[in-house]
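There are two complexes below, and they share chain A, which is joined by chain B in the first and by chain C in the second.
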Partner chain A sequence: MRHNRWGYYFLIPFFLVFIIFQLIPLGTTIYNSFFEHYFRNGLTEVGPNFVGLANYRTLFSSGDIGQYFKNTMIMWVMGFVPQIIVSLLLAAWFSDPSLRLRGRKFFQSVIYMPNLIMASAFAMLFFALFADTGPINTMLLQIGIFRAPYKFLSHTFSARALVAGMNFLMWFGNTTILLLAGMLGIDQTLYEAAEVDGANATQIFFRITLPILRPILLYVVITSLIGGLQLFDVPQILTNGQGGPNRTTMTLIMYLNKHLYSKNYGMGGALSVILFIITGILSIIIFRINTRSQQ
Partner chain B sequence: MKKRIISIVLAGMMAASLAACGGSGASSSGGAASGGAASGSTGAATTEAADSGEGKVLNIQCWNDEFARRMSDHMPGYEAADKDDATKGGKLGDVEVRFTVTPSTDNAYQNNLDAVLPENADAPADEKVDLFLIEADYALKYVNTPVALPVADLGITEDELANQYQYTKDIVTDADGNLKGLTWQGCPGVLIYNRDIAKEVLGSDDPEEVQKAVADWDTFNKTAAALKEKGYRITSTVNDSYRVFSNNVSSPWVVDGKINVDDSIKAWVDMSKAQVDAGETGTADLWSDDWSKGFAKDADVFCYFGPAWLINFSMGNVDDGNNEDDGSRTFAGGWGATVGPQGFYWGGTWICAAAGTDNPTAVAEIMRQMTTNEQVLTDIVKMDNDFVNNKPAMEAAATDDSFAFKPLGGQNPLGMFCEGADKISLANTCEYDQGCNESFQLAMKEYFEGNATYEEALQSFYKSVTEKYPELEY
Partner chain C sequence: MTAKNEERKTGYSLGVGARRVIAYIVLILLTILCLFWFYLLFVNATRSKAQLNQGFTLIPSHYAFRNLYNLFHNSNLPILRGLLNSFFVAISAAALSSYFSAMTAYAIHAYDFKLKNAAFTFILAIMMIPTQVTALGFLSLLRRIGLMNSFIPLIIPSIASPAVFFYMKQYMESNLPRDLIESARIDGAGEFRTFNQIALPLMKPAIAVQAIFSFVASWNNYFVPALVLKKDSMKTLPILIATLRSADFLKFDMAQVYMFIFMAILPVIVVYLFMGRSIVAGLTAGAVKG
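Here is the complex of A and B:
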């Protein structure tokens, strides 16, 4: 047993950091969610008074949380569907030896690059590009497509599409690389056998590549879903924290951020706990799938 | 090896581009602060401060370089460390002055104050906040709590403040009648109009003639329609006229813990909706690029509502011989000023002494010099085109042609400002004003743009306010 002890020593830093920065805050968040505790106008402390489940009741009775959950999911789906299609296509091309693509490494790096830009900087860029008198509108006016500038951020669909589009741009490279790794792991003899049997490219893709890729595909879906639930920086910056128009791009985390204004620990805590439960359920699902695929 | 060379080159390029950004930032702020007048030599009182066991560092919390520049240019006995960047601080006698700049965006400035002020008394001596600046919109939030010291505690008497405009004192007086802040500025607003458009549409750019076309809201709306026919917009955005309505309310935003929408605010909603629908104005936010595009020389915006600082601080470079031509109407001197439909004020910066300060003498000295010394204040008017908080000085300046504003084509608007400053009433302010005003304008934007009915927009306003202030009801 002696030779094992060093392993535990090396684990100490992780657990220390985990306990201080994750476990304790998690505990206090759950604890806070049962209290009325905020600062009146930022300066005068109110509470903490124990109120039981009143914060949860307020959250659910207003119905807002359902709306924000819906917004979050819609924007995630709008971004994820094109993302997975493009990523699959790119990964299939990159992994296909018969295509003999040149500069694969170069393109792999290039498509990953949007992910290196800070999301907030990226959102600022889009905010400037799509402003009412911004370059995109100016261009469209000059070409003659529009007669008056189109207010991209004042219409639900275009505002959501911008958020989804940015998420797509930022993450499709990452997904491509994950899927590519999975595809390159597939035994080449399977493809050769299929070709000998006379299967065409479409059949090979749907009958061989996709089924073998399933566990990785599920991993991508679930991690993207968890990331999507925590969608915050892009819509926050793009809509100036308002989730406009009419709060149709307001995500759950943006709503959480609204409670920061009055340092409302109670409501913020309750909302965080709900998010924690949703994310927890999704994590259990991915864990199950992973262990099953290993058997 | 090849890879390493490439990476070194790339890193070098990044470093170079970062350095370039830093360089341009410094030079752009330099232009605004230039022309530093020689400070007077009346600062004898301050030199004793350090000997009397007071702190060696005087910390000032602010959100931009405005006060730092006023200090650097006008405070007697104060030596700025860097003439080009006033926020670097300086020396007042033996006391080192340090500025902490936190931008107002996203409430960051107030969040910072909320974090440091309540614990100020226990902070280490060199880090104690001694002075902090506040704006009118949220002044009561700090004035009604013990974090700001009454100026009487610093030994400043009412007699010394007799020349200041009453409204500048009302804003920072707490519920018990203690005056807790002082300002060097007065911010009565006027209607600032585009002279070329006035000539073309109204036939004259004379302030008195233009005033006839904007004398009340009905004629204002008729003028808006006339402007629209010639392809001009009356204002850049609906939010331009908001303050004029919100300053003339007959009841505050919160009455007995309930949110209350005043008739004057409702009148703004109705007028704005009609103007937006008719294409006479836009819906951009104040300070956005879409809003400030009207500052350009050949823009299509007829007027802005604003005080003196809007003209000299925000609408473009003033042609004072040091600044570059930025293509703005301000530089070209093509604006005019008139009273407009109703009186209003906008902004202003108040200086408050922080509870727990360890430099009360120096703090009192700064407050006295910057807000009551008539010579300092007159210099500020001359150099910065500010409207200062001193009645006799302003009334004298109003009749003096040497105080003509260049951006206004040589018009001297100080008489209008004086008249406005006397009329400002602050009977209906409350500590929730800022949060309510911001939420209301944002919520109504949805109504103006047709994304919501008035009722829906009102509901989303209530929602947004109760998120900010959970203690309120509607």
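Here is the complex of A and C:
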């Protein structure tokens, strides 16, 4: 059929834009990672000199990347564990016909809302609220929980907990809605049969719901992990780009951002490539899940 | 083993009534946890600088317009400019991403051609590539072609939005029958016109949801815009918030800081109040089906 060539025409804008703004930049990024190219003291240009894998060696031997990877993962886990537990619980409640919860739409709308809030504004808000003389400290002093203001951003645990807590708030609604969609898609007769056999709510949850949800759970874990690796806006604004205290909240993308600002193309390139490879591997898993659900 | 089973049984033989009460308590606590910060933001944005120094309260004051006036007349913080820039970029990006994603999805949905499956697989495969990992090359490209300090690199790339495409494709499968496209063809409409005048109107609900998501994503975007926009007059709101953060905190009038944050999230909240339901309903349509 002659009109079928229009399929190609309609694909042109997407692929043209993708090639120019993503594919070529990806190529340049990889290319740059093999060159020594930076600005000494921000002024004198050094390079570009071909150095092979030297940037990668420097990156790993300095140990910074390990530390930042660890920070990123710790904050992701601190947010993700409560996120998945709460989301599973809420989705199970929402989808349980015997509970007949009212206001499901309302609660869903409320818990999803933080996901749409500008992360940088949210972080700035938390910075103001949790400041040493901010409202949270004054409130805790007024109630009498604290005797002296607690410096939330000067302690590793509380600084990380703030980042993780905000991540939790921003994402648990989204995860709940995804899991709920999965649970509502489960064949009701399975539950009825289980009830007839005398299974209780826990048994049904662990023996029927969870196994059927496995692909969605895997999807949620991996997409959240990919998102976690990109953790940037919240810790960047909260700690003013310093990753304080003592760089314990510095994430991988904050590190990349530093290299981009100081125009260290070589090191920035190497770091980008490593992040690309990690997300690439994780994406393949997601891709498998998506294509399987297509069939 | 039996003891364990016994324990489980007693733990969960809680009546439906009791479980319902627990569910409501947890839901109400989570609702408070989600809304508390924004309520506090609202309260503090209505208080004067002096009142803010007096400590914590949950009762709004009446300085909102005073604070707004001060903020708009603060020459150090070009918030009006920032609002305009953010609106311009976000609306343009939303329009392009929803229109062209529908077009891309239509190409895969309505036609049969040799590379169809390859193209579809490819777009799915690149869905998860984060913009951050190509940012370095992206910036050097912009320097080469003179597009630093321009809104173009923040708008045009949204034409290629794999996630929006995926959603549109899913939506077309259940809402845009190919017979309909065929009959439009018999009527002699051109392919481009069929897309614009037959397919697009049927895609309205999907386009509305995705336009909102794209608007929000662009409105909130910080990483790339902060690297591209260096001129003060071009900065979008998230970049101004970063400036606010790096400026000496106490020198600022905190009332203005709260009002600034409030203004930055207000448009999204307003859209959400009107469209929340269809947004939440639209969320799952494009997600994996288990």
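To be clear about the criterion, the second predicted complex is superposed on the first by the 275 of 295 C-alpha atoms of A that agree within 3 Å, B and C clash if a C-alpha of one lies under 4 Å from a C-alpha of the other, contacts with A are read in each partner's own complex, and residues count from 1 in each chain.
One rule holds for everything that comes next: contacts are C-beta pairs under 8 Å (C-beta built on N, C-alpha and C of every residue); 3 or more make two chains touch, one makes a residue touch a chain.
Note that this is a predicted model, so its numbers are computed, not measured.
Judged by the touch definition given at the top, the superposed model places A:99 against chain C, while chain B stays out of reach. When the two complexes are overlaid on their common chain A, residue A:241 makes contact with chain B and with chain C alike. Judged by the touch definition given at the top, the superposed model places A:151 against chain B, while chain C stays out of reach.
By the touch criterion defined above, A:27 lies against chain C but remains apart from chain B after alignment on the C-alpha atoms of chain A. In the superposition on chain A, contact is made by A:185 with chain C only, not with chain B. In the superposition on chain A, A:258 makes contact with chain B only, while chain C stays out of contact range. When both complexes are overlaid on chain A, the residue A:74 reaches neither chain B nor chain C. In the superposition on chain A, contact is made by A:138 with chain C only, not with chain B.
Comparing chain B with chain C, more residues of chain A are touched by C. Chain A residues in contact with chain B (one complex) as well as with chain C (other complex) are 128, 131, 240-241, 259, 261. Considering their complex, residues 1, 3-11, 13-15, 17-18, 20-22, 24-29, 31-32, 86, 89-90, 93, 98-101, 105, 107-114, 116-122, 124-129, 131, 135-136, 138-139, 142, 169, 172-174, 177-178, 180-182, 185, 200-203, 212-213, 215-216, 219, 223, 226, 229-230, 232-233, 236-237, 240-241, 253, 256-257, 259-261, 265, 268-269, 272-273, 275-276, 279-280, 282-283, 286-287, 289-291, 293 of chain A touch chain C.
Here chain A touches chain B in the complex through residues 38-44, 46, 62, 64, 128, 131-134, 151, 154-156, 240-242, 244-247, 258-259, 261-262, 264, 267, going by the rule given at the top.
Touching chain A in their complex are the following residues of chain B: 106-107, 110-111, 114, 117-118, 141-142, 145, 147, 282-285, 288-290, 293, 431-432, 435, 442, 445-446, 449, 451-452, 456, 460, 463-464, 467-471.
Within the complex formed with chain A, the residues of chain C that make contact are 8-9, 11-13, 16, 19-20, 23-24, 26-27, 30-31, 33-35, 37-38, 40-41, 44, 55-56, 100-101, 103-104, 106-108, 110-113, 115-116, 119, 121, 123-141, 153, 156-157, 159-160, 165, 185, 191-192, 195, 216, 219-220, 222-223, 227, 237-238, 241-242, 244-246, 249, 254, 257-258, 261, 264-265, 268-269, 272, 276-277, 279-280, 283-284, 287-290.
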